[in-house]
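By written order: A, B, C and D. Residues from 1 in each chain.
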Amino acid sequence: MTAPVRPWDRELVRVGLFGAVFAVGLPTANGLGFVSDYYLNLFGKYLALAILALGMDLIWGYTGILSLGQAIFFGIGAYSIGMHMMLESSGKGVYGEPVPDFMIWNQVYALPLFWKPYTSAVFAIGSSLLLPALLATVIGVLTFRRRLRGTYFAILTQAIAFAVWLMLNRNEMKLGGTNGLTDFKSVLGFSLSSPGTLRALYVVTAAVLVGALLLAQAIVLSKTGLVLEAIRDNERRLEFLGYDTAGFKIFVFAVSAALAGLAGLLYAPQVGIITPSQVGVLPSLEIVIWVAFGGRGTLWGALVGAISVNWLRSVLTGTYPRLWPIILGGLFMAVILLFPAGLIGLAVRAKALVARRGRAVAPAAVAASGVNQHTA
Amino acid sequence: MDTLLYVENLTVSFEGFLALRNLNLIVERTERVRLLIGPNGAGKTTLFDVLTGHVAPSAGRVLFRDTVNLAAMSPHAIANVGVIRKFQTPSVFPGHTVFENMLLAAGRKRFVSTLAAWRAFTSHEAIVATLAQMGLAGRAGDLAGTLSHGEKQWLEIAMLLVDDPTLLLLDEPAAGMTRPEKERTIALIEGIVARSSSCVMLIEHDMEFVRRVARQGHRVTVLHEGTVLSEGSLDRVQADERVIEAYLGRGKVRGAA
Amino acid sequence: MRALAVVLAAAWVLTGLGGVAAAGPGAPDLESVARRLAAPATQKGALGELAGSSDPAVERLLRALKDGALYSWKGRLVILGDDGGLTDVAGRPVLDAQGQPAQLESGQEAVALDEAHFGLAQRILERFEVLGKDPAKRQSAAFKLGTSGDPSAIPVLVRAIEGETNRDVRPALEDALAKLRLRAPDAADRLGAVKQLGRRASEAAVPQLQALLADETDPAVRAATRAALQDIDRFVAQRNIVGYLFNGISLAAVLLIMSLGLAVTFGLMGIINMAHGEMLMLGSYTAYVVQEIFAARFPAYADSYFFVALPLAFLVAGVVGLALEWGVIRFLYGRPLETLIVTWGVGMILQQGARLYFGDQTSVNSPTWFRGGVEVLTGLIFPWSRIFIVGLALVALGALWLLLYRSYAGLKVRAVMQNRAMAACLGVSTRRVDAVTFALGTALAGVAGCALALIGTVDPEVGKTYIVDSFMVVVLGGVGKLVGTVVAAVCIGLSNKLIEPAIGGTAAAVYAKVAVLVIVIWFLQWRPTGLFAQRGRAATETA
Amino acid sequence: MSAWSRREFLRGSLVAGTGLAAGIGFPKILTAQGKEPIKVGILHSLSGTMAISEAPIKEVVLMAIGEINKAGGVRGRKVEPVIEDPASNWDLFAEKSKKLLLQDKVAAVFGCWTSVSRKSVLPVFEKNNGLLFYPVQYEGEECSKNVIYTGATINQQATPGIDYLMSAEGGGKKKFYLLGSDYVYPRTTNKILRLYLTKVKKVPESAIAEEYTPFHHQDYQTIVGKIKSFSAAGDAAVINTINGDSNVPFFKELANQGVTADKTPTMSYSFAEVELQTLDVKPLVGHLASWNYFMSLKTPDNLKWVKAYKEWCKGHSIPDKQCVTDDPMMHAYIHVHLWAKAVQKAESTDVEKVLKALEGLEIPSPVGKYKVDEKNHHTWKPVYIGKIREDGQFDVVWKTKSWVRPAPWSEVTYPGRDCDWSNGGKGSFDVVGGKRMWLSDKS
């Protein structure tokens, strides 16, 4: 009996390759002048969003639970670090007052109580990771224990996201309203106007993404991963086999929320602004689109989807400012209709095509694909 | 009192429709097989639903091994005390391989233990043995979705068997099977009875199948309109006037429609 | 009080000027008046001379001065027309030495109207407007006189009431008269006025009545005033409740009409169609296009466009839905999440397509008879457009219900949706039923879009506004249950509109919406499958 | 195993390929020398909720660039527009401005409408020393070195509107309902107006109501109901700072519920001819707007400009009905010329030099000469108040006699505070004991 299915070392090779390209390759290219600071920064944003997509893939791709609240968790992460950065640069705004500028135009002259802990960087980073996980656990306990599932869970999270978005847009929330948080001057003491800080942020993001990827792989390759996929395919059978599926779902929801918070944490300092438009139903749906576009239920699909869709959008809005929604929409349709497994599915098909040409190695490929080897 | 299953005055209501009414049923610990028969809508599957925690009863008691109150427990907890069920239609994980299906069924089901366990290395011996018993050894690497209907049924039974359940509920295991497949299923059930200590509760419509399984003198319970109509050996229930009328009566209604 | 004094002074100035003008020369020489108008020193005097005139040429001259279209050209005063041509003060074209139309030099400054005299000029111009025969203008003039507090207007109002036959204008005149009589020297007059205003529950008179209460000495008048104010308060409170209920019902109707289509495509068929909002948008644009065609080709029937637009919106959205089903959806049955993404893409394309083709500045104007509304209680207007939407929602609901539950076609639809295989065995073409049902859903969205264009925007983004709410309504009602959709729409609509005024503050609309969302979230906790859940084994298998 | 590694390689290279294509395919080192065109950025939403207002601005900017190029360009070099669509998404505004400044290395950016978007891009422009021309009226309380504000400040639009409403010809209004979209501009404007009303105009607090709705809000039923009761006595006016498409349902609801202009006029600060085209005008006749330009102004230069724009529309398949001009468009149009003139004068596109050249620069405009303030990066301009006419145009009912000085810091909120960038000035300052105290030095 040989060990079945996708062992670790193979994944490690791929992750290593990915890390080499993004965490080492791109910054080196930047250092050599091949890649501009602007593009490095842009890719930093994409990589942060890729972490968000990883979380979505865990909960939706693997477990089959459509959460339309991922953007809330992302927002918590981004706002947490954003609040810290605002306080770090307090007094350097237009008004020269000790509170963030937007509070002045809302006639708030003393720092609200809930802002105070965010002067601590540790608290801000902690809250950007733990608060989403905590919120997800609460929502999860309330809903999964109540057997709320399928579309109803999606609609429930959508309602929560919608409500949060509506509230966040209010200036009374003291979080900047529609304008969100912006005009960050420095993060953890490093000036954000220096290219060096942004480069460092990029490298940190790439490294964190690799870490998140390994974490996600560890979950997926454990028996838990098997259970999660089984929840997606036939939850009832699993319950009657003795699994308390609610616990698994709460866990994966919390992990995906923490990953989303992590993504927000890395996103805000690099992009320099966080607004409610990133927190709500539509951005949540967009994350779903990235994952589906890249290939649902494979971690690589989530990565490829997040990076490629965002990159395409950046390029298309500049190259075809009038036509980009049509091109992007058409691309979504084409990929899903022709390659239901997304871009990764496309890659697999391309590979199959190559394999057919080289018939000679084909049997070996089938044997190596790992699914029919563990006979007694 | 030394019963495996004790069901008293069980009533289940779906918005006023009584699927089970005051049902009483006792399975002794010594029993190895109990057959449940009855016309459509008699409440057989609903009884299984209650036993596995899928449907909450409106009234009545359900005790497992005299002390465990199944009516108050959630499905996964019931499965963990050793009451486990096969659905009417084969219910496996089509996207997983046969081996992965078995992996899911085997071993501890607690969240933490699954997190620590890699996909590849759990309970191999038990899985391999059970698959061999079910004649699926050669299919371990195939996706469960690619199995034939009969094979899926066997796989599901294998998944239930791998952890040595105390009470095995089989809902129409032979439904939709070809004759040779049925033969093999009967042999499998006989094998379970012979080799393990599980008690098998079996719902079946196919009277030929019932007759074959009940040959060893296992008890048969006839359900009708949500309550027990008759109980005893197959010969005895077949001779029961009420049972004949229940089946024929339905026939009459069907003829009139 | 200072503001009141200013108003009084202004009124005095006006009447004074009128008097001077009446005594002055009948028709001042325009050219010389214009010359004096152009000179800053004599501008005010010249304006005074023109005050009493009713000569259209004077209106033209004043308007040109005010608009900055009065120029000095070779020593003459000329008026710059919309077409860029120059005319003299009498309206004759001005020609240059070559007999060609004269041109102004670039950068030339117009004759300035002194900032201080701007208001005076404006008021003189308004007098010309008052000369018109428009009842609406008479009505608003009556209201202005009533609030002016100028008792000298009383005789005018009395005379106006005598000659007034219009049913809307007459009460306005009477109210205005009563308001002015509140300050009459005779206590009996005041009492009569107070009683009349109380009887008519005139909300507009509240400040005057309050002012009267503050310095009235006659006890009878005081008591009557207090009673009148109470009457008005009570009336306003009752009226507001009626208003809130109507608002709730009309929001419910809006929610219902936009959710009906979704109740079919998502509720019955289980298709998550993210382009549903764009189907709605198609309906809105159909209304727009039909309106434009009517305006261009059949201006005489311009108001009837809506009757053409409504069925056409149904057809257009239906046909597009059919195409969408045939081209995309049919490959994706049973794969709701793929459907979600593909229809999202479709939505993006339709949105941008509409933007490229129509631009962002499109509008649908209600037919004239939809304009305004019916005044059910004094000060409470039920807009016709809202009443129409309530009616249309009911009609659409009734038609859908008949179609689904009382027709053979509906039987087939329900059969296919409940048990596809069995229906196919019975000889129902499930392909066709799927296609037609989906098209029915999108067609209903088209109707909704056409109707909602009456009260909202017509732009490429219009669908986004409604899609989230629509899904909420259908899910809250219980997927697959028409009655659930109706009840959910009514519940959300009413609770929203009853909560909104209760909250108050600077953001009632948002907090009301959040409150409703919280209620929905809480409700789904309590009843995870909506108001009207499907029961039985089948439901739990699919849930 | 060979198949495995190939699959890995394929997936890996797919990811890497995406990365490298983006990274290497794009960097263009722009050597802006010789006869190469000068790049300028256009940063207006062409999709999303603000497209209604911003899309036409892109057109006039392109038109102005076309005129400049036709006349031989700037200092012999053509001007090349780089258009980006930030899609009414404030985050995207920040990203796109980064791209324009860092990637395209544009000499100037013409862009933004909402103050939200301006506030989003502001840090980018300040960090990278870019130059933004902002064409829209705004709330003030800002005076960036890197922005030229051609639109009105509060004292060039909002307070004259109040003055007019309270005057005899404006109806002598005593109560004010401040209604706006929920973001910086309405919030700040209303903060200032509230102080202006209570402190300067002595209006009691109880006679002021304030309410905010989100962007793209559609349901104004209850709010209009409230306005009706608020204004039942006919002594109230609405100060409308709603932005974008929400104006449509708001005005439709006003008309349907019978709120008429002669009883309860609405004074709008973000609603001009362009937005008016999206409405059935008849019920709105008589409502007011305060601007620095109206399409209906009858100056020869304006008539010429409007005609030129109509030509442009024909050439760019914009329907005649939608082809109107308004205040922000006028500002957007002249600030392109303003920039060109400044570059010409500075003989360089260098931001510092262009800023220096802009100080006190005058330029002809459709409403007469426009002037950039010598010190504070804002412009001097006349103020007009217009009444909606049946043909969708505004009838000017009031105007200032002369140019109004721009005051980025309102007298009511920050007495004595002003802004100076000339001769080594450091922007906003307070006067403390007769001496300038720079705000930037305070922290």
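Note that contacts are C-beta pairs under 8 Å (C-beta built on N, C-alpha and C of every residue); 3 or more make two chains touch, one makes a residue touch a chain.
Note that this is a predicted model, so its numbers are computed, not measured.
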Item to check | Most distant chain from chain C by Cα centroid | outcome: B
Checklist outcome for this item: When A-C and A-D are ranked by contacting C-beta pairs, first place goes to A-D
Item to check | Gap in Å, rounded to a whole number, between the CA centres of chain B and chain A | outcome: 44
Checklist entry - If you average the CA atoms of chain A and of chain D, how many Å lie between those two points? => result 35
Checklist entry - Taking each chain's centre as its mean C-alpha position, how far apart are chain B and chain D in Å? => result 73
Checklist outcome for this item: Going by residue number, chain A touches two or more other chains at 166, 169-170, 236, 322, 324-325
Checklist outcome for this item: Listed in rising order, chain C residues that touch 2 or more other chains are 351-352, 464, 506-507, 510
Item to check | Where chain D touches two or more other chains, by residue | outcome: 47, 182, 212, 214
Next on the checklist: Taking the touch rule as given, give the residues of chain D at its contact with chain A in the complex, in rising order.
Outcome noted: 1-8, 10-12, 14-16, 18-20, 22-24, 26-27, 46-47, 82-87, 89-92, 94-96, 98-99, 102-103, 115-116, 119-120, 122-124, 127, 139, 141-144, 181-184, 187-188, 191, 212, 214-215, 428, 439-440, 442-443
Item to check | Residues on chain C engaged by chain D in the complex (per definition of touch) | outcome: 2-3, 6-7, 10, 66-69, 80, 82, 84, 103-110, 112-115, 118-119, 122-123, 140, 143-144, 146-147, 203-208, 236, 240, 243-244, 247, 250-251, 351-352, 355, 359-363, 365-366, 371-373, 375, 379, 381, 383-386, 454-461, 464-465, 497, 500-501, 506-510
Checklist entry - Which residues of chain A touch chain B in the complex? => result 1, 3-7, 219, 221-227, 229-230, 232-234, 236-245, 247-248, 251, 371-376
Item to check | Residues of chain D touching chain C in the complex | outcome: 47-49, 51-52, 55-56, 166-169, 172, 174, 182, 202, 210-214, 216-219, 221-223, 225-226, 228-229, 232-235, 245, 248-249, 252-253, 255-258, 260, 262-263, 274-275, 277-280, 282-283, 296-301, 303-304, 318-319, 322, 364, 368-369, 395-401
Checklist entry - Across the complex, what residues on chain A touch chain C? => result 66, 142-143, 146-152, 155-156, 158-160, 162-163, 166-167, 169-170, 172, 236, 281-282, 285, 288-289, 292-293, 296, 322-326, 328-333, 336-337, 340
